[in-house]
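Each structure below is given as structure tokens.
Shared between the two complexes below is subunit A, which has subunit B as its partner in the first and subunit C in the second.
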Partner chain A sequence: MKNILEIRDLIVGIDSIPPTWILREANLSIGEGQIVGLVGESGAGKTMVSRVILGFTPEGSRVFGGEIHFCGSKISDLNRDSRPFLLGKEVTYIPQNPMTALNPVQRINDQMTDVLIRYLQLKPRDATKRAVSLLSEVQIHDPEKVLKLYPHQLSGGMRQRVLIAIAFACNPSLVIADEPTTALDVTVQKEILGLIKRMQSSHGTSMLFISHDLGVVSKICDVVNVMYGGQVLETQEADALFSAPSHVYTKALLSATPRYDRPGDLLEPVSDRLVTEMGKTILSWDKRAEACFYK
Partner chain B sequence: MFGRYLMLRLLLAIPTIFCVAVIVFVLMRIVPGDPISMMIPPGASPDDIENLREIYGLNKPVLDQFLIWLNGIAEGDLGRSISLKLGVGQLILNRLPATLELVILSMGIAIFLAVTASVAAIRYKDTLVERVLDTFTGVAQAIPDFLWSLLLLLFFGVILPLFPITGRLDPSLSFDPITNFYFFEAIFTFRLDVVWDLLAHLALPSFALAFPLAASLSRVLRGSLSEAMSQDYITLAQVKGYSRLEVITKFALRNALIPTITLSGVQFAFLIGGTVLVEYIFSYPGLGNLAISAVVQRDLPLIQGLILTFAVMFVITNLLIDLSYALINPRLRGR
Partner chain C sequence: MLLQVRDLSLSLRDTENSWFWSRGEHVNIFNGINFDIDLGQSLGIVGESGSGKTSLAKTITRLYQPSRGSLLFDGVDISSLRENELGSFRSKVQFIFQDALSALNPRQTIAQIISNTLMNFSIETSKSAALTHAGELLDRVGLPRSYLSRYPHQLSGGQRQRVGIARAIAPKPKLIVADEIVSGLDVSTQAQILALLRELREDGSLIFISHDLSVVRVLCDHVLVLREGKQEELGKTVELFDNPQSRYTRDLLAAIPLPEYDPTWLDREVERKTRDTEECMKIQGAVVFVTGSNRGIGAAFVQNLISRGASKIYIAARDTSKLQNLVSENAGKLVPVELDITNDQQIARAVAGASDVNLLINNAGVNGNSALISANDLASARDELDVNYFGTLAMCRAFAPVLKKNGGGAIINILSILSRVNLPACGSYCVSKSAALSMTQGVRAELAGQKTLVVGVMPGAVDTDMAKSFEGPKENPNDVANASLDAVEQGTEDVYPGGMAQGVSQGLAGDPKAVEKEFAAYLPG
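And now, the complex of A and B:
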């Protein structure tokens, strides 16, 4: 299988002395048509991976080592303008919080058709037609009416549907979904997950699905990457990861997550010993890296 | 719905204007200075003075005077100017268009400068451009409009005589307008030479009024622009592939305009105040100039009429601003 995106041993840090390391030799690949999950606790570097791909890294950050490949072409820096793809057309984004992600002073129609007009050169009228069909694809009833509304007139779930429709509008090759269900309540969450999965398979898109929720990831992803401290600790097919995790941290995470299929199991918090252990590993990596880049 | 809102707002404006009328009326009779003593020839007898007082109704108790004045206003009569011997209403109507042209042009220039400067400052954040704009904004705000008048007059009227420095229109141009809205009339009758001359006369006073106004507007606009730039919908716009300039002008600007518009309503009051001195400096025949001569002459009816006019202008502007909120912010519509 061809890979849409490959990240090899990527080291990214904020250029200070000593540097603040954000990604420590992270590896990740996204195969064509796959949904690749990226899980980890806050601060693990999940969002940074998505920002590196999109070209929105914090000020002063720099690539210290490693490679990023998109469809075979190498991306050597973090500069947005040097991306070998059209942002918003070939690579799109589903944000975390649908309540604040739409422009409050623009009608839904204008927020959906702008990319269609910009990238597919559609006439406004044809773009609106396409927006109508996109909205029915994300199961919004009466799409013509919704197009005339402003974001504040829609519920959170409706807004997330609109954002998903925008993300898939130009048939992108990669969609990055950054915790797309975290801000929604559980019943809506399930519908939205199903919807994302359907959209992804009907558009044949590859997807990077970022979440801190193992349960959510297990439902939707083909491959799961577990991140900690800027490193990808384990990459496994979703089924294998949940039945036979290989890394101690993954095991610890799984035994800390409630499971519907095994309701009697006791939950176990991630032990302090393990956290200290992993902290030590990271610290020794940092020492090696500093020795490497600054001497 | 909308019509009812408008009616309500207009009705609510009446008490505001009434309060202004009371304050002005009482104040004008408390401050020292007497219009009669300004107009009598030397050596007039006390009887003559008493006669004059009676003619202008100034011998009656203050409350009676006020009621007579209010009654006049209700009938559309603002009284007669003591110094100019003409109807106050007519005097004001003759001068109002000139001031409106000046105020509208200044406001337009100020808004244009403020928007350009703040968009540029946000676009070129943390660069030399931002620092230069910071300096300019500071200077523009620190220098008051009458001082700007003198500076512009000196540099672009005297040292480099690019613009005329007095009046509204070159008298050698034969232009016989029906209304006093010279500018609009000149445009509609295709008198481009007149339009050009009017603009040349307006240039210095309107820039003098616009500079400090633009500076304070751009401070607020920049603040709200940079706040808007950190919102989630801006991230989405960037990820849609819009350039930084597009993100600012198409997404952030409209969201940031609301606080700026509120401020521009407040600033409008200062702008009207500013016209008084600036018109005087440039001998511009507007309300401000009329106000100064009215004050100097202690022309009570004229001063009252002028301040009432300013109050009405202020109320109308703020009404327009409130209406424009709904235009900009869809969340306020239908309430």
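And now, the complex of A and C:
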């Protein structure tokens, strides 16, 4: 299988003296047409991975080492301004919080047609037509009416549908979904997950799916990466990972997840011993990196 | 009883749809809520967003005044007390908010936040004593005392939630109301907070609001399910999870993604949605005809139908003498019918005497456990096809007009997971069941017009006489009967009861050839 995206030994840190490391030689690849999951606790560096792919590294941080290849060409050297052709067209983003991701003072129509006019060079009228068909594709009834509304007039689930429609508008090669269902309740979450999966397979898009919820990841991803401390600890096909996790940390995460079908199980938080142990590995990596990048 | 809630209702003014000079219409938020909490008990309140969970919590804690009903706390009706009369109630009930960042004053240190609560409720009178007490509370929730001098924004989400808990337990309340306090946390932090709440639960009662039933199961001993402001279901956690009474509860459970690989999970919801609108049949009051009812799955069906309140059950078997005991135990409800489903005259007689049937259960079947080539002759293969395919088809044909006359009803055909793939050890049985599956699909299509639901049940090995020689894991026949009747009530067409059947069905959805090869390996000799 051809890889759409490959991240090799990516090192990102905040450029202080000594640097604060965020990604410590992270490796990740996404095959064509795959949904690849990235799970981990908060602070593991999940969102940073997506930011680096998009070129939106936060101020003060930079890429120290490693490479990102997108569709065969190296993009890690390009800065944000020199790859606008990618963002919004080839690589798009479904954000976590549908409440804040849409512009509150613009109608849905303007926000949807914006990308269509900019990247597909459609005329405004055609763009609106395309927006209508996109909205019906994400199962919004009465799309003409919704286009005239402002974001605050839509429910959370509806807004997430609009954002999904925007993400798939230009038939991107890669969609990055960062916790797209965390703000939704379980029943809406299930609908949205089903929708994302359908859109992904009908558009033949590859996808990076970021979440801290192992349950969600198990249902939608083909391959799952488990992340901690800026490193990818385990990469496996979803069925293998959930039936036989190999890394102790993955096992710990699974036993910390509550399950309604297993009342007898006491939940175990990731143990302090494991955290200290992994902390040591990270510390020794940091020392090596400091010696390397900061002399 | 610590808290008694009776017929509690709340309506608020609709500010969204009112002009600034009018006061807006009243909108019902929730209606007719009833429950009790004893000291030391914990109640989970679950429901979708917009179901009224948070409003209910705020009414119980008297942040809202209920518009109807009574709230007895410690024997005192607090539902209409004024704010200045609520003083002692306020210290006995504490609220932990979902969003800890906005619930903690950003301009106060943790020390100030907690000691203010202690001083307000006059638990401590001097500042220094309050400070020491605040330190002890931080110990209790597992935060280092050095955090006293920090501000809320300097803490992580989990730590802030711990501060919220510390503040809530400060006045030693009898009841803590926690509103979605773990929903924004990742699993390990969530597990820590849940463990802490379990510990604290021993000191008082807890109302825990969540949309996640998995979390509720860990923490609560009773559950209240809310739907659009109405009390959908209330019960002990164990019972509610093992046997949810309401369809809505089952849907909520089905919507929770368990961390297991399950490629068909996402598609299942779509099926449910399309059926939502249809009226489904109820077993209670149904008139049922069960073939092969003297043993195995058939006998389990009869028991299950009785306990679900079917009004009349025709129990058919080739030899009815064994059914006499059962009939006399359930006088008036059970009607024995002598029936060999390969005998057309007997079928005709049975139909004539059972014109009130609205559910037909085709359970009778035979298995000669013989292979296709190495069998001595074709006797077994012919016999199986005669009973499992022709017999079942004859029954469907005979009862179709009866079902039509009685408003559609349903047919359950007991097939086998072996209808989907051949197990060569009993090759000819699989052939007959495969024919029966195809027949089930055809009958389903032909009878769709008269609104008859046709259910195909495909269990794995079931613990009955038929599978005596099989040594692997077997399903309980009761579970098969239960799943089949659930399917009728929910309008599900294909049922795969048990782990084995589901496993094979998923395997077939992935790589049918691999399943076939695996089954071929079980060939004896």
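Heads up, the rule we're going with is that the second predicted complex is superposed on the first by the 279 of 295 C-alpha atoms of A that agree within 3 Å, B and C clash if a C-alpha of one lies under 4 Å from a C-alpha of the other, contacts with A are read in each partner's own complex, and residues count from 1 in each chain.
We adopt the following convention: a residue touches a chain if its C-beta (ideal position, glycine included) is under 8 Å from a C-beta of that chain, and two chains touch if they have at least 3 such contacts.
Since this is a predicted model, take the numbers as computed values, not measurements.
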Practice item. State whether subunit B and subunit C clash or fit side by side on subunit A once the two structures are superposed. Key: fit
Revision key, fill the gap. Note, angle between subunit B and subunit C viewed from the Cα centre of subunit A, nearest 10 degrees, works out at 110
Review point. After superposition on the shared chain, which partner residues are touched by A:Lys190: those of subunit B (first), subunit C (second), both, or neither?
Key: second
Exercise for review: Examine A:Ile17 and indicate which partner it touches, taking first as subunit B and second as subunit C; both and neither are also allowed.
Suggested key: neither
**Study point:** Contact breadth on subunit A, by residue count: subunit C or subunit B
**Key:** C
Practice item. May I ask you to decide whether A:Phe56 touches subunit B, subunit C, both, or neither, giving the answer as first, second, both or neither? Key: first
Exercise for review: Pick one for A:Ala291: touches subunit B only (first), subunit C only (second), both, or neither.
Suggested key: neither
Review point. Subunit B and subunit C, closest CA-CA distance after overlay, in Å?
Key: 6
Exercise for review: State which residues of subunit A lie in both footprints, the one left by subunit B and the one left by subunit C.
Suggested key: none
Check your understanding: Which of the residues in subunit A end up touching subunit B in this complex?
Key -> 54, 56, 86-89, 92-93, 95, 97, 100-105, 107, 114-115, 118-119, 150, 152, 163, 166
Study note, to complete from the structure: Contacts from subunit C onto subunit A in the complex sit at residues 48-49, 156-157, 184, 186-192, 194-195, 211-218, 237-238, 241, 251-253, 255-262, 265-267, 269-270
Study note, to complete from the structure: Given the complex, residues on subunit A that touch subunit C span 41-42, 156, 182, 185-191, 193-194, 197, 212-220, 238-239, 241-243, 252-254, 256-261, 263, 267-270
Check your understanding: In the complex formed with subunit A, which residues of subunit B make contact?
Key -> 231-233, 235-242, 251, 254-255, 328-331
